[in-house]
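Chain IDs A, B, C and D follow the sequence of writing; residue 1 opens each chain.
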Amino acid sequence: MIKAKIVGAGGYGGVGITELLLKHPETEIGCLVSLSDTGRKMSDVFPHLRGFCDDVIVAPDDPKTKEAYDVVFFSTPDGVGMQTATEELARGAKVIDYSGDFRFGTVERYAEYANFIGLDPVHKAPALLTETVYGLPELHEIGESQNIVGNPGCFAVSCILGLAPAVAAGIIDPMSIICDCKTGVSGAGKKPNAAFHFPNRYDNMNAYKLAGHQHVVEIEQELGLLGDVDVQITFTAQVVPVCRGIMSCLYASLDGQNAEQLLEIYTDYYKSNEFVRVQDAKTPAANADVRGTNYCNLTVDVDERNNRLRIISHIDNLMKGQAGNALQNMNLMFGLDSGIGLANAGQYP
Amino acid sequence: MIKAKIVGAGGYGGVGITELLLKHPETEIGCLVSLSDTGRKMSDVFPHLRGFCDDVIVAPDDPKTKEAYDVVFFSTPDGVGMQTATEELARGAKVIDYSGDFRFGTVERYAEYANFIGLDPVHKAPALLTETVYGLPELHEIGESQNIVGNPGCFAVSCILGLAPAVAAGIIDPMSIICDCKTGVSGAGKKPNAAFHFPNRYDNMNAYKLAGHQHVVEIEQELGLLGDVDVQITFTAQVVPVCRGIMSCLYASLDGQNAEQLLEIYTDYYKSNEFVRVQDAKTPAANADVRGTNYCNLTVDVDERNNRLRIISHIDNLMKGQAGNALQNMNLMFGLDSGIGLANAGQYP
Amino acid sequence: MIKAKIVGAGGYGGVGITELLLKHPETEIGCLVSLSDTGRKMSDVFPHLRGFCDDVIVAPDDPKTKEAYDVVFFSTPDGVGMQTATEELARGAKVIDYSGDFRFGTVERYAEYANFIGLDPVHKAPALLTETVYGLPELHEIGESQNIVGNPGCFAVSCILGLAPAVAAGIIDPMSIICDCKTGVSGAGKKPNAAFHFPNRYDNMNAYKLAGHQHVVEIEQELGLLGDVDVQITFTAQVVPVCRGIMSCLYASLDGQNAEQLLEIYTDYYKSNEFVRVQDAKTPAANADVRGTNYCNLTVDVDERNNRLRIISHIDNLMKGQAGNALQNMNLMFGLDSGIGLANAGQYP
Amino acid sequence: MIKAKIVGAGGYGGVGITELLLKHPETEIGCLVSLSDTGRKMSDVFPHLRGFCDDVIVAPDDPKTKEAYDVVFFSTPDGVGMQTATEELARGAKVIDYSGDFRFGTVERYAEYANFIGLDPVHKAPALLTETVYGLPELHEIGESQNIVGNPGCFAVSCILGLAPAVAAGIIDPMSIICDCKTGVSGAGKKPNAAFHFPNRYDNMNAYKLAGHQHVVEIEQELGLLGDVDVQITFTAQVVPVCRGIMSCLYASLDGQNAEQLLEIYTDYYKSNEFVRVQDAKTPAANADVRGTNYCNLTVDVDERNNRLRIISHIDNLMKGQAGNALQNMNLMFGLDSGIGLANAGQYP
């Protein structure tokens, strides 16, 4: 059994990976760590887990956190994972971090990102940046030798998966990309906030962070590496009153391919990736098709009048956009099939 | 493997049992039958099933429906299952029917129910009424010898489970029971309707069928049998803008027990039933605790000023109120542990 | 023009009365007071008011608050209004308080209420208790001589209006009353809170304060006065995912009247009250019928099998349950028609 | 008093104009016409109007429809208004049509539109096309001499108002425009539909009509006229689970202006239009700011890295996108101030 420690267990990212590990045939939950709910049972914080996970959440300085675990999930804000990741690795654990700490390959890239979001640009574990990988298994080979992974941002997953085949094929203008992204409210986390107070949110929608969203940095890094080009996107984050889900509409100037050709390029690109489902523009698509699952559904379309690519990308922000993708990484880092514990269709309605 | 046929596959009850059977380790889906979506792939009707269940839905007169199956689920309106159940049993299948067809033990009781909802009061398979059982395993022993089951109504499950311990203990006045029940919209099924059109429903709530709801008949039957008394309830069905879930507030005049005593009676009554969770009135409870799961959560409370029992009963109407309970019955009818394929905590948020 | 001061302008109760006063032909807003948003324009806090109310919100100790106003609305928690009401009255203002401060006619009743909710039981302005009135104009004569009013609680409005005709007629057992009440989330106010964080609330419902809700005290006081009897209710507060609205299902043992007789009693009782609409149980009723308006819609029904009264009472908790009713009181206190600025059908859908 | 006839009274567009006319000081409702709810009181179809509009809805061939009215609102599908508009005008009425029938200035333009949506391309009242005007008063002078108006499509209003200043100033590339538009469900009308059945819609979002939306034709016509250029847009219609509201994100390649310059251009363009509110990208904006009102709020932004204009346009699709704009047109056609009966801030939350 793979014994897991979850740091940040009290948040949506923590409960998400807990739910998945409970159903995974080869894992067990060894330690739940959180600042906010210390001393409470996990099932008191999340009553749906009653009888499934009644473990007590411990503080970060609890001796139990120093025991040996096979994998550590950091479902924590930027800057937390980098403080103890080296130590975790030294104790023999593999590390999967949800924040931006290990998404960037160089200290310079990290500094750019950190500056962008107003954090200290000096990385606390620079040696690990050469060992980590951007944890999107559809783009990067992740295998048993991988000990540390930077799990991607939710918007980034939806945009990168939606644009990767076109960028890799060199058929779109990398300076023409527009990502118009709508997220459900769970993307903002569990902490109550005026913007997500039910009476303000139930019949509402808005754009936010127009001045710049932190996920832009990783989208441009990953697409740039893929196409070996400079990529500079226009990105608009929006919130709509759904709980789980991201729908990204992705636009770019296209080299002249028609819808059929584009569909072929996409289908081919993802042919061995079980969690990406490609469909044409005539097939209905909706957030409910991926809700609660690890799938990314891509509708591939061309506005032929304007010679413009249009991709509609649907994911569940808490699954393929977070905990589901993290488990997929874990499977690969332990030599398991990527879909173990994840090949689940979800529930409808 | 238990090979299943699902009649009424195109509705919420059909897709619900399909999802469950796909995850159950000992079942396979043999045949999907529906009037409305004949000839379409199940995954075209329910796109979240793409790659999981791409079988084609067949018409009721398709030769495939006459093959041998181990179990047949009738997720169909009243009057459908009784037409072919005898035939299915003769072919060796076990039958689980979601409608009122097999919930009543005598032709008289059935006639009363049928009259109540304006149906022909003459039962088409009266011989089966002595073989069937009201399919609530917390109240009735259901074992391998059971070949036909009438799966209960969703409101009825929430009310009966909430009142059974008190009625069985003879501590409430059976003529004083009030069931104030709120359901999510999925309880009304998949067919679009002005009352459930999003703009009319999103910020709305209402009571309906004040003149009488069909589930009253079975609630009174089951509670009456349990307490060997006449039971006559006041029942108010209401719809609120949630998708899945029933919250029933149950009231009755109490013999003088305090909250602690009542809690003990309830805890004891359900001590060997894994899908009923009893809690006191100080412990928070909410629909989200059971959403997507087969659990019934009961908050046990006494208004001591008024000597009145108050129970808050939460279920997911499509799970413990329908497909989940049906699978629980199936497990028992095949000699399996009742929780196989069902012991799932759900997803939050 | 009636010049108004609003204390607590930054909350839902404050913005509600602001919206109404802006449309009222005989009022003007003189002063907006709030602890939380001091120094900001009202239209920065509530952007829908841009161009309609760009006044700056002042602190409670701002000199502007000491100027002369014709009416002062206290949209504030318990204990605030009683501190300065005497002073406001001395300056010639009429006072309308949303809290429990002036709902009770004696210091003893107030102490009972205050103890119930854990406040200091000693009233700070006891002399005013003989001058105030429970501000439900359907029950109490409110005229120009009235200078201070305790605006009722939202649940209380829905329950009292629903039960008053039956209690007054002496046809129900006052010890048998059950109030099963569902509120929209706006009833909990503007302050963010885990229970009302969108991801936790959107598909959820729950009962709360089972140990006792503060509105019980005023419901029992008012019904008791009306029937000259002791009234002791069972009350269950519940939250459902709507923004505005209360639906209360009210039950009591009835003296034998049938539905027709009961309807006549109710219709007659409210014949001169423009904001109460009585309907029979066959006429559809829903929260949307009163959303955004000052109406209370009552469905009058009898469970004749059980000889039990059942009333479904719908109000908008922020209108008839709060600011709308406050304006109705203001109209009457200034000798205006009660419906000025309020006779509005709302918007659908 | 301006006496109005409403054709299509039973739909959202019909009830919307009814609500507005009831509050307008200079109008009265003379006749309500509908195919679907003939013989029923308006307040039985829309219970919130009880006591406000209890008129009986008549059939299109009812003699009452032939009486003289000052204004006729056609809240009807394409092809209805053109059949009787000539006759209405001859009887002395002014005509405001919600469909595409009178939005286009030439038979050719109309034929293009009609072909696009699969209708007969031959206009039934071609003589009126020289008399009608595209009913967006911010772009077209509408005065007392105007007798017929084609009220614009809801998406079109949000896009045209958002792009007009930039197109008129000639500072964007007209072939680079992308309109990414999210609408609430009420935009699809009152008729129930699987896509808008609550259980399918409550936690869902999707793009639709990717092959082409009919509003594209009028957007391109209006922007083309304004800039005297050919305009060819990429348009993506999406539905999110709100009831009322459109949020359009509008993108185009910009000539080099910065955010401050762009803001000045927009502010200046709309300086005498009371229903357009322009704001910078630092000021929060949301659908709730315009919900229930006739306002269009425009957030003006520049992605300076990419030299790209980005406008976020918010309207209420049933108000500025439909009935509110229609009333604004009516006011102008009768020589009244454009804001009479419309200068309303809405309700929050």
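In this section, a residue touches a chain if its C-beta (ideal position, glycine included) is under 8 Å from a C-beta of that chain, and two chains touch if they have at least 3 such contacts.
Because the structure is predicted, anything quoted here is derived from the model rather than measured.
Contact tally for B-D versus B-C: the pair with more C-beta pairs in contact is B-C.
Of all chains, the one whose Cα centroid sits at the greatest distance from that of subunit A is C.
As for how the two copies subunit A and subunit C face one another, over half of their interface residue numbers coincide. Each chain gets one centre point, the mean of its Cα atoms, and the points for subunit C and subunit D are 37 Å apart.
Rounded to whole angstrom, the centroid-to-centroid distance between subunit B and subunit D, based on C-alpha atoms, equals 46 Å.
With centres defined as mean CA coordinates, subunit C is found 39 Å away from subunit B.
Residue positions 12, 184, 186, 190, 199, 202-203, 241-244, 284-286, 288, 291, 349 of subunit A each touch two or more of the other chains. The residues of subunit B lying in touch with subunit D in their complex are 12, 184-186, 190-194, 196-199, 201-203, 241-243. Residue ranges of subunit B in contact with subunit C, taken from their complex: 175, 178, 180, 182, 184, 199-200, 203-207, 210-211, 232-234, 236, 238, 240-245, 247, 249, 251, 281-282, 284-288, 291, 299, 301, 303, 305-306, 308, 310, 312, 349.
On subunit C, the positions that touch subunit D within their shared complex are 12, 15, 19, 22-23, 46-53, 186, 190, 202-203, 243-244, 277, 284-286, 288-293, 344-349.
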